[in-house]
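My questions will all concern the structure given below.
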């Protein structure tokens, strides 16, 4: 594997995640390359979302969640006691499984994140730019003052992406962003991701193997340990290699659909 | 993982200086959280206040030397003027009013609940629910007026003026029953509603009629929820004040005749404190002893009811 | 698989027997259905009886009698209605005591009074028309002979149909004569008290609800966690405490312990320190605020809980602080529910009587309250006091006051329902 000429944004070391006393993810090490798309695949419940949420400390919002190990972001451990999760999240944005626009106007949806993060520039410009980057501008430019809830599911999700990139994060986390969308809307988001990756580092959780193969540069395969039901990173590498010549038998079973 | 070992150094050197994620001092946030916590803590202060106030004044009452605790909880005569403080004179009428109220509210409330949940059409519900809500929203002083100017004359026209006194516990009790009826019916209906539909289907599938399903399957399944409603209703009736203050009569009297006037605990508190009483007199202290008793009774009932409800929820959720 | 004939099958009723058995069960079902329906009708009848009783108390015939017939007061054959203000003042001074005259002059000099005002004084103080007897609406309609017999024994009397609820009833202050009494002071008292109640209970209640819903679960400190659980249980328990207990709490804490504060003495606001002591609008408002606090908290918690989690995640995911997320997203979506609950709690407070009697509402005040440190009376207190009087006329004005109170509450509740229907169903 050839990682050495990349530039790494995240470096996870010996990560363990717990919900109460249940260990959901164990002993995971992983590095994420900058301006690339990394996909997390694996069966449901194996801890993909949990790992993803450690990247911007969204796990903090779940009262029972606890994390040990290090999540280094440019060398700084995000779980250091003196790190401010609010600061983390403005640099590392997130798009959720179900489109969740605010029940406000389209414009406000995009502007709000920028405003609370102290954006002082031309807001109209920023909103337009963000919507353009999210490939939504042409569809909504005439109805910016209408509610974001009036859009179709795919449009809503692109609105959420526009909203996420408005504060100009460095990384965008996406947790199964297309699972609630139809195939055409899904395709649009996938194209969009290929555009966005020129400027952003993207990590996406998906259970759609096709999607992982199509859009991602790197792929990480997670699996649940049979004994303690804890999630575990099985194999990680360049997407092409994972899908054509996986090293681990379990990975091969999964991607060839023989998983059971 | 072998993967990251080779990259770790790169990650570390890749500029930790990028931009700092250090904790900001968010004074506003901390201040707001502290304020919100204070808002929640006010309720604790309220409870402590109630316990302290009732406890302290009651203590003064019992240490005044005019009455012993035993006299208080066993006596049947309440005559402060001659130093008689027997709670049964008041407690008895409270219990009597409550019993009469429950005779009205429990069967009626439960029947209404069964009708609403098992029989009523959507249209009937849409009329009945607001009627019950209005009944529940009428201030108790209005019910007091109703008891005195309607229920009492009504009872007198049935049983005769010689038998039914102008102030009596029967009229007050019946009207309290009407007052708590919406409470009983809505809580019971919620309980009946929570019984899974599958249970009804099972009963129908065995050839049960609607009545048999409602009475022999749904109602038993909702026992705990209905019981909780009954207990809350009892607690409400015990604590109800204005109806008895207006219609049950002034002056404690230990009687089991519902057509005679008899002052209840709450009625007594209102009458004594409504007058010009001087603080630190034995009369003043005595109402706190009554209040403490009232508080303990209603609190106990409410706690029991909530445990019963919890039991019910665990059964079906 | 072969099935052996089951002997127990024979134990079931068959054919004719079965039919009559099923019939009987259906009959039974029908009977009980009628019982359930009857119970429901009883509930409706109770409400109707309540309303009927109030309406018939507010309208009906009254027998009126004058102490001095207006005809005997004519000056030069001119009826009272046409006399000038000066002539009326003279009539007044001829018929009432000097002391009363001085007091009226002191209240407002006669030179400044309008003619109408003086005319009213003459009618009130000199003619002194009094209600001798009043009949309810039903009696007025169906027992005319009873009324006529009574009137026959009252040669000077005048029979008049009266609505006890009229405009003057709303705008005149209290009086010891029922036909002159109004609820002006009580309405002002209610408005003042409720204003303070809501001003205190709303922010505290919503604040507590936010804390319990949004912060309490994320507290790490085990002691604080324990405390938060206690707070929640405690609030549920407080909601079931009888209102009179809150009155006793208010009596000791607000009226006595905090008297310097609640009487306004700390501001030097009271000219006459003996008038109200701590028995002020402020004490009443605070007492009711404590009383409805649990209701507001529980309702607001429900409203906040109904806001979907995805909004919180979206907000926090953008790098908003907790409070920013709550303020910009959670609260705006919860506010219709919070307001609905608040209005319901407010109507509860408006109807409360017992705690205010206990903390010492004034039984008789004729001047408008002029601030939080005034003595007070409220609508329910008025109703209570009038109902408790044995004379029929007081019952009549109690009924009229009840109508006002119910209309006020109905308006409030209707607005709550509107709010709920308008915003409650908005999907997120």
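Labels for the chains are A, B and C, by order of writing; each one numbers its residues from 1.
Keep this in mind: a contact is a pair of C-beta atoms (placed from the backbone, for glycine too) under 8 Å apart; a residue touches a chain by one contact, two chains touch by 3 or more.
Nothing here was measured: the structure is a model prediction, and the numbers come from that model.
**Student:** Could you draw the chains as nodes, link the ones that touch, and say if you get a line, ring, star, complete or other?
**Tutor:** complete
**Student:** Taking contacts as defined above, which has more of them, B-C or A-B?
**Tutor:** B-C
**Student:** Identify the chain whose mean C-alpha position lies nearest to the mean of all protein C-alpha atoms shown.
**Tutor:** B
**Student:** Let me have the rounded angstrom distance from the C-alpha centre of chain A over to the C-alpha centre of chain C, please.
**Tutor:** The mean C-alpha positions of chain A and chain C differ by 56 Å.
**Student:** Report the inter-chain centroid distance for chain B and chain C in whole angstrom, where each centroid is the mean of the CA atoms.
**Tutor:** Between these chains, centre-to-centre, one finds 20 Å.
**Student:** Roughly how far is chain A from chain B, going centre to centre by Cα mean, in whole Å?
**Tutor:** 51
**Student:** Scan chain A for residues touching two or more other chains and write them down.
**Tutor:** 86-88, 91
**Student:** Spell out, as numbers or ranges, the residues of chain C touching 2 or more other chains.
**Tutor:** Residue numbers touching two or more other chains: 321.
**Student:** Residues touching two or more other chains, restricted to chain B: which are they?
**Tutor:** Expected reply: 26.
**Student:** Show which residues of chain C lie in contact with chain B when the two form their complex.
**Tutor:** 25-26, 28-29, 32-33, 35-40, 42-44, 46-47, 49-50, 53-54, 57, 203-208, 210-212, 215-216, 227-228, 230-231, 234-238, 240-249, 251-253, 256, 290, 293-294, 297, 321-323, 347, 350-354, 357-358, 360, 380, 383-384, 387-388, 395, 398-399, 402, 405-406, 409-410, 413
**Student:** In the complex formed with chain A, which residues of chain B make contact?
**Tutor:** 1, 3-8, 10-16, 18-24, 26
**Student:** Tell me, which parts of chain C touch chain A in their complex?
**Tutor:** Touch list, chain C to chain A: 217-218, 308, 310-321, 324, 328-329, 333, 426-428.
**Student:** Which residues of chain A touch chain C once you look at their complex with the stated criterion?
**Tutor:** Spelled out, the residues of chain A in touch with chain C are 56, 58, 60-61, 63, 86-91, 93-94, 96, 98, 100-103, 112-113, 116-117, 149, 160, 163-164, 167.
**Student:** Going by the contact rule set out above, which residues of chain B touch chain C in the complex?
**Tutor:** It is residues 26, 28-29, 32-33, 35-44, 46-47, 49-50, 53-54, 57, 107-108, 111-112, 114-116, 119-120, 128, 131-135, 137-146, 148-150, 178, 181-182, 185, 209-212, 215, 232, 235, 238-242, 245-246, 266, 269-270, 273-274, 279, 287-288, 291, 294-295, 298-299, 301-303, 306 of chain B that touch chain C.
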